[in-house]
Amino acid sequence: MSILELSGIEKSYGPIKVLHGINATVEEGEVFAIIGPNGAGKTTLFKVMTGESYANAGTVRFDGRDVTFEPPHLRTRAGVGRTFQVARVFNPLTAIGNVIVAIEARKKAQNRDDNPWWAVKPSASTREEALHLLEGVSLAGKANFAATDLSHGDRKRLELAITLAGRPRILMMDEPTAGMSPGDREQVSLLIERIMKPEAEGGLSADGRKLTVVMTEHDMSVIFGLASRILVMNQGELIALGTVDEIRNNPQVREVYLGTEDQTLEIVA
Amino acid sequence: MLFTLINSLTLGMAVFLVAAGLTLIFGIMRILNFAHGAFFMLGAYLTSTMVQDMPGSVWILIGTALVAGVIVGLFGLAVQHFVLSKLDGIDEHFMLIATYAVMLMTVGGIKSVWGLEFHSVDPPPGLDLGVDIFGTFVPSFSLFIICAGGVVFLILDYVIHRSWAGKLAVAIARDNWTTNLMGVNGPLGTKIVVAASFALAGLAGGLLLPNQTLSPALGDTFLLMAFITIVIGGLGNIRGAFVAALIIAVIDGLNTYFLPSFPGVIIYVGMVACLLLWPNGILGESRL
Amino acid sequence: MSSSVAERHSGREQALTLSQINRVLFVAAAVIIAAMPYLTNSGLLYLVGTTLILAVYSVGWNFLFSWAGLASFGSGGLFCIGAYVSAVALRAGWEQYFLLVIVVATLAGAAVAFLVGFVALRRTSGIFLAILTLSLAELLRHTLMHTRWLGSEDGLPNITRPTVSFIFFELNLKSGPAYYWFICAFAVVMLGICWWLSHGPLGRRLQAVRYDIERASFVGIDVHRNRLLAFVISGAVAACAGAVYAPWAQIVTPELSGMIRSTQPILFTLLGGLHSFWGPVVGAFAFMGIDYATRTLIGIQEIITGGILLGVILVFRGGIVGSWNALLARIFPGRGEQ
């Protein structure tokens, strides 16, 4: 069964229609990329999928369940993790404090609080898990840094750790490499590839299955390196959906998205 | 019935006179000014000092109120220079509390200059009696307040929505930075609007002075009503404030008519209800 | 200069760390407060007792503000509700059940806060909440002013201090010092509960919401529910403080719901130190000192209070606690804790 199903998604901001009926399904364990020129509606579609805003028509199903109008905290508890284009973390807290808050939120939601009711400090197992996650994103050395003092790239890693603390089954990343140098982008690609794996294989996906990733991205080398399938959008409509090769050879994509034919060949090659 | 209506309308317009300046300063600086009530009071005290027990005529009352408005406007410039201009970009709660501190200092100043005694001033000759409308006795001072509210609204509405100066002010309120780039002196524009807002508070204090008991607590009552008015009307929206003042007048009328033993209770119930029904204001929030 | 001080204290084992210095001060202050009945006359004792109650009330407000990031401008209304519940019960002669009365008053405050919060907190705008809470408190004040069986504008006077009966013994709180010590015990219990709540998992969740509301909901925190919980707790603390206040002042009036009462915790918190648990307590006592010192100067008092507040906002954003800690860190560098 598909982990995420979008059917007939429409969304308007006032009189302006931004999404014109998008249909797509995301399979478990794949990396699903959404691309399109600026203003194509990628971010809006992303927001509808995560619950940041709700669709005007159509349904979003997660794991077979209708979550179209479910608020973000319930989707997060159900297993949807999300990162932002500009990393959003709890600035005044330390790196480990950030992750602890996220772990405690998960444990509380699942009624698996291992702390006695009177305890003030987080439990030992919570702290351990937080450190483990920070290690997983190579931030263990900066666990006691205030999040404000971290660099742009480290904040993205921290945000990833916070998101993984919720033990998501699907990870939604809005432009994970936005504003990074080419070297850092490659690092992020490798990181995503690694954390997707189940824990037994050295990854950070806690429930033994491979993590599903949905991402929007501008950098084609990141996309072609990671993605198993690509959804191409233009002006609020889906113009193509398929594997990397299918998208590369889709004439409509070339025309609408990548511009003239000469450029296309250069970029794709 | 008509008597109740006129009375309520008087209250509504009185509240609008106070709310007008309040919504103006919110429009330009995004500051909810707690000190507004205190400066309203300052205007009233200044006017009372100038006219003593009774203004000589209507025109003297209007004239002294205008003078009080100018003086309070100058105070406003000082407040803008020393306090408000330094609050840019800080948490909105700090802004609220900073203006609250200004209010405390102003009230303290009023207390130390004029003392704690109650003053009262009679309406000027010509407004101290009543007129007969359809067999109902209507105090002519009430009619004066209603007219004053209407005139102030029309002038403000014209200046903001029609005149060149108003358009500049709107531009500054919407995007100060870009407006500066276009060669407009943004800081000066802000100063003028802030001074105008304070001057309106002083003017309202002067105009509403007769028939009020002047005590250092006067500002609070009007301030709270004015707050609710501008929130109901939509913050920063002058037309909204006018409509909200009319709504308050209607609610107050209903209160007097149906529950005379609880004056002022239904009016607050009504205001709370309006707040909950239209959290962004009836006419929506506006940057001037 | 500062480095030489550090050298003089190079024997680190003997030197107190900064938090130990503060702890010593804290204990000293607690001892002085507890010994107050032996140190002062009844007038000043009354002032200190009132300040203690207001300090607890302000800590409750600050829990909402510094932890959940919500500013209520109507907490006086909840304080007033607690005070009236307690006043009515004591005048009806239920003094032996005083502790139960306090509990009922606290629950009443919590219930009202729940109703208000349930409707009001869906809006995130701070100004909206400020105006709404301000008008609700004013609504309460006007209603009380015209409710005859609650004494209208004059309020309820002659509230007797109770003799509380436990099953095996009785506790006589009729005298000033006895009730004062009861206030001390109340302050210890309430401050303890508040400290525990703000430093535990709930406190961490609320802070997460304050720092970034969107991120908080995307780690699975139910923002609305947690804020509502903080609102209810804060309301319960205010009503509880009000219930203890009524027999101490021996009179309650509708003015308890006025703007002055509602803005008190804001001033205390700001002067004492924002985002600090003990800030409101320090601020309450500092304000008491200022008020007491300027009590004969009509008008000047407000000017000084306002001036201090402006100074805090424009210059010393950390308030007394923040500035004190910064000062300590400057005088004794290298003694902070890791």
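Structure notes:
Just so it is clear, A, B and C label the chains in written order, and each chain counts residues from 1 on its own.
To be clear about the criterion, a contact is a pair of C-beta atoms (placed from the backbone, for glycine too) under 8 Å apart; a residue touches a chain by one contact, two chains touch by 3 or more.
Note that this is a predicted model, so its numbers are computed, not measured.
If you compare B-C with A-C, the chain pair joined by more contacting C-beta pairs is B-C.
Every chain gets a centre from its CA atoms, and the centre nearest the mean of all protein CA atoms is that of C.
Across the assembly, the mean Cα position most removed from that of chain B is the one of A.
Chain A and chain B have centres, each the mean of its CA atoms, that are 51 Å apart.
Centre to centre, using the average C-alpha position, chain B and chain C are separated by 33 Å.
Distance from the chain A centre to the chain C centre is 43 Å, each centre being the mean of its Cα atoms. Annotation for chain B: no residues touch two or more other chains. Of all residues in chain A, those touching chain C in their complex are 50, 52, 71-73, 76-77, 81-82, 84, 88-93, 97, 100-102, 104-106, 108-109, 113, 115, 118-120, 122, 162-163, 165-166.
Listing the residues of chain B that touch chain C in their complex gives 32, 83, 86-87, 92-94, 96-98, 100-113, 115-116, 220, 224, 227-228, 231, 235, 261-265, 268-269, 271-272, 275-276, 279.
Note for the complex: chain C touches chain B at residues 65, 71, 119-120, 123, 125-128, 130-132, 134-136, 138-139, 142-143, 146, 259, 263, 266-267, 270, 298-307, 309-310, 313-314. Residues 196, 199-201, 204-205, 207-208, 211-212, 214-223 of chain C touch chain A in their complex.
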